[in-house]
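You will see chain A twice below: alongside chain B first, and alongside chain C after that.
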Partner chain A sequence: MVLAVKSSKLYIGYELDEGIAWVVEDLNMSIESNITYCLIGESGCGKSTIGNAIAGLLPPYAYTHGKLIVMDKNVIDEGVRRFNGIRGKIVVKIPQDPASALNPYMTIGDQLDIAVKNYFRNLSDREVKAKTLELLSEVMLDREVYDMYPHQLSGGMKQRAAIALALAPEPKIIVADEPTSSLDAYLKHAIASLLKKLQREWELTMIFITHEIPIAQYVCNRVAVIYAGRIVEEGSASDVLQNPRHPYVELLLKAYPKRLARERLTDIPGMPPPPGRYPQGCKFVPRCPYVFNRCRIEEPPLIALGNRLIRCWRYYE
Partner chain B sequence: MIRSIYVVVHDILSILSRTWRKRYSFRIASVAMTFVFLLAILGPHIAPYPRQGLGLDVDRSRALLPPSPEHLLGTDSFGRDLLSRILFALSRALYPSIVVAFVSLLLGIAIGSTATLLPKPIEISLSYLIELLLALPSVLLAALLAILMGGTLTSIVVALIVTWFPWYARIAYIQARNLKELDFVKLPLYYGLSKGYVIIKHIAPNILAPMLIEALSDMGSVVLEISTITFLFGIGITSIEEPDLGMMIAYSLRDLARAPWTFLAPSIVLATIAIVFTVFGEAIYEEHHPVLKKRWWLWF
Partner chain C sequence: MNDPLLKIEDLHIYYVVPIGNLKFGYRKVWVLKGIDLEVSSRTVLGIVGGSGSGKSTILRAILGFVKPARGRILYQGINLLKLKPRDRKKIAKEISYVPQEPSQSINPKMSIEDVLTEPLKSLGIAKSDIDRRIDLVLEMLDLDRSIRKMYAKELSGGMLQRIAIARAIISKPRLVLLDEPTSNLDISIQAQILNMLKDLKEELGLTYAFVSHDIDVVGYIADRIAVIASGKIVEEGPTEEILKESLHPYTQLLLNPEKTINKTTINNNLCPITGWCPWKTNKCETTSPPKTRINNRYIYCWRYTDLK
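Showing the complex of A and B:
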């Protein structure tokens, strides 16, 4: 089994006045190639930071520590970041907001042409255009879109155009940062199934960041639930989302409305801890219903339980 | 490239037509502005006394005549027909102001949008330099340049460009800073496209439309500024024969008590131009920024 992304003891932080706030801490993650790997979690828990780190789009003021290996290349090695040759060629990112990814003063065709030309420099103009039209049909857009401006497209079409733009360099890994968050319920499903189809046909490794459980269930093979910058539960999608073990995941699934469900929705009391002010011991202590003494003192390691990984003292033998 | 120009033009035209539909003041101002431009273009051809208008004919015996059917606005102290003088002066006031507004617009966009993508220390020092230039008084600079360059219209134009472009550069810089955080500017840079390309294709077209409107509304102030400089120093015009609104007002001051029309006619023309341009620009500006629509309420 080939690993597309592997991280060991990865720390990512941003500079504050008081020092460095570590947003992602002690991340040990290994993603096999040709699967869809899902990162689920609340807002502000570090999902997007992990996605940006893999896509090589960390801002220059970010601090890193540990190791991240993408496609056998050591991109983050302690403080050094070497993304040349990886970023934009092997790993691309599908942006959260398609409106900000497209230049309002250029046609979709022009923008795609430039992206294609940037990666395949020895193509003639005619070949570039053919390739662009192929990309457009790949994301199920009409040929007319080639001559349209972003403001003439609907939200779903814009997102499709943004996906086409990301696929232009023929990448191996795509990081989809909440690609469905700005769409309505029908389009959410349409875009998700498009991404699923592309993942299968292009043999991509997709890292899918979302906070919507039904979409994750539909698209993903493996799921990692992130809380306070660390993985709390990881396993195959059907396993984790049907039969959660970690108390946070249990509560998270109860907080999401299910079709035809009779049980009441509950919320998780409290707030996720802000980066830089994580509590001592297990990070879920202030909100956990099953808390006991050991949780407050020591942080649990990520332990294997059957075919999943879990970070909780309750399952520690 | 042609298509992106077309989009910018289309943007501007849509703003203009929207303002036309909603604002009476804008309709009046744009009709008046068209009239002023027509007069400036046709003026030299329809002037009743073209030689007097250019200042070639001087007839002291007909000096300071009041308005009459023969001389609709009267004559000045050299016996020249004031109407012809004003018609000739109009084009000499408008053309330099167009040059000043658009050259400083282009300079401002180029500098402002380049500054955002330069390394941090250069960016900061460049923005400080621009703010330093903002403090430069245009009138004094024009006087200095007139000494250095020998008193031509070019020296006034250069002085005004140097003092006007920092305003545009600052607006362009602020707008480009907003764009810099968007994905279609950020990602190409990360993915290895050149900075010049990103500036030309992604940043400049996006800030051009609002800045063009800014330049249009500023042209009234530029006309006023040129006239101020010629009123004070008379530079840019080698002799007093040349028709120029600022200089006409300056020379009429001596005969203010005896022949007020020599003072009133050019000043009213100048005030009209300034008011028309300002109302024109203000209407578009307030229509373009919906937040500012009720700005006058803040005065009370």
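Showing the complex of A and C:
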């Protein structure tokens, strides 16, 4: 088994007035190669921070602790971060807002040409253009897009162009940070199925960050549900999303409207805790319907239950 | 059926957009092309469609933000488009609006108390009464009283959306227009807001027009659903029927989005899905399908018109 990404006891935090707020705590994650691994969670739970850490895009003022290994290279070792040769070559990121990845003053073709030239220096101009057009057809865009500016494209087309840009260096790992959240319902599925197809054909390891459960169910092989900066349940997508064990995941699935079911949605009372203000003990205590004493005092470890991992005292036997 | 609270007839709206990059000249883009809708009192009409289909423009037209080229908007039988500004103001308090992005619609320089006072001030309500009403609304929405002195930046997205809803219902409206009120929220917060909207509707006897691109969210809250594509309604009917057996291929696409890749709608005078419709005939390429009634619902598709 080849691991594309492995982290052990990874902590990531930012400095606040009161001290360092740890956004991600005690993250132990192993992602196999050639699969789509989903990070599901609500806003502010730290899923984008994990994505940025893997893609090597943590800001310089972030604090790190622990280890992160990407493709056998130790990229985060306590406070030291070494992403040269990895960032933008082996790991790339598809941003949430495609417009932020594209230069508004350059045509899509020029931007892709620069990216291709940068990674394949011995290609002639004609070969570069041929490669760019190939990339465009990979993401199902017409040749005409080569000469178009970002503002002439619709949201879905921009997202495709951003994906083509990410694929230019022929990466091994793609971090897709909510690639579908700014699109409408059926475009979401068009982009999701494109990513799914590319993942299979290019043999990529895709880390897919989302808060939409139907999309996760459709795209992913494995799922990790993140709450308050830690994994609360991890397992194969079909197991976790159809038969959840952790109370948070259970409630989250019930909170999404089901077709033709008119009964009241179960809402999870309260909100997720903001980083740096996580409660003592289990972080889900204030919203959990099954709380007992131990939950308030001690935080449960991530334990194996069958072929999944879970962080809940109810399963600790 | 009782008389509809809001009735929209043959609504046409165009936007003017510049041609090309450095050429002078403008052209009309028709965003709504003959919309017919009815909302009965104390029911919820869900409007579903892709982005750019014109669903928000319908709400903007009801509010008077855009001027329709043709058509009528009847509120309790009064045509809103023919009203003088002074008469319009009297009706304005009965129709309120919840925008998609609460953080942009709430003035960052005003405290929440001021935000909630604003709509009442223009109605000439006494100060003591305003105070009482704010307390009442905050209680209804499960918000703490301490929130009155807070500012928008201190609140989370879910809280801000509650404030936006509070602001909409504080003037005791009859019709509330909701423009994707949950699309920027997390799932657990979305469930809270949807449940709250349902409760408020029962408690206050409200009528909603609920716009969203998520057919499951609309299916949860709406009594009737109108599916709109490229400025035209393609199908309208009771929620259960639309979700269980949709007649129009575009609705089927929205219900099973995983089946599609690259199926777009076309903005012209014909049926918006002539590009990929499995049932396309010669007729579809020449004339737009008329409104056809089948039992309790309406459909715009030649196949069903011919069947009849």
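Following the convention adopted for this analysis, the second predicted complex is superposed on the first by the 314 of 317 C-alpha atoms of A that agree within 3 Å, B and C clash if a C-alpha of one lies under 4 Å from a C-alpha of the other, contacts with A are read in each partner's own complex, and residues count from 1 in each chain.
Keep this in mind: a contact is a pair of C-beta atoms (placed from the backbone, for glycine too) under 8 Å apart; a residue touches a chain by one contact, two chains touch by 3 or more.
This one's a predicted model, so the numbers in the text were calculated from it and none came from an experiment.
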Chain C versus chain B on the shared chain A, clash or fit after superposition: fit
Touching partner for A:311 - first (chain B), second (chain C), both, neither: neither
Of chain B and chain C, the chain that contacts the larger number of chain A residues: C
Following superposition on chain A: angle at chain A, chain B versus chain C, Cα, nearest 10°: 70
First (chain B), second (chain C), both or neither touched by A:42: second
First (chain B), second (chain C), both or neither touched by A:188: second
Partner chain in contact with A:102 - chain B first, chain C second, else both or neither: first
First (chain B), second (chain C), both or neither touched by A:260: second
Touched partner set for A:131, first chain B, second chain C, both or neither: neither
After fitting on chain A: smallest Cα gap, chain B-chain C, Å: 5
Overlap of the chain B and chain C footprints on chain A, listed as residue numbers: none
Residue ranges of chain C touching chain A (in the complex, touch as defined): 50-52, 156-158, 186-192, 194-195, 198, 213-217, 219-220, 240, 243-244, 253-255, 257-258, 260-263
Chain A residues touching chain C - in the complex, by the definition given at the top: 42-43, 140, 154-155, 183-190, 193-194, 211, 213, 218, 251-252, 255-262, 264-268, 271-272
Chain B contact footprint on chain A (complex, rising order): 56-57, 87-88, 93, 95, 97, 100-107, 110-111, 114, 118, 149, 169
Residue ranges of chain B touching chain A (in the complex, touch as defined): 3-4, 7-8, 182-184, 186-187, 190-193, 201-202, 205-206
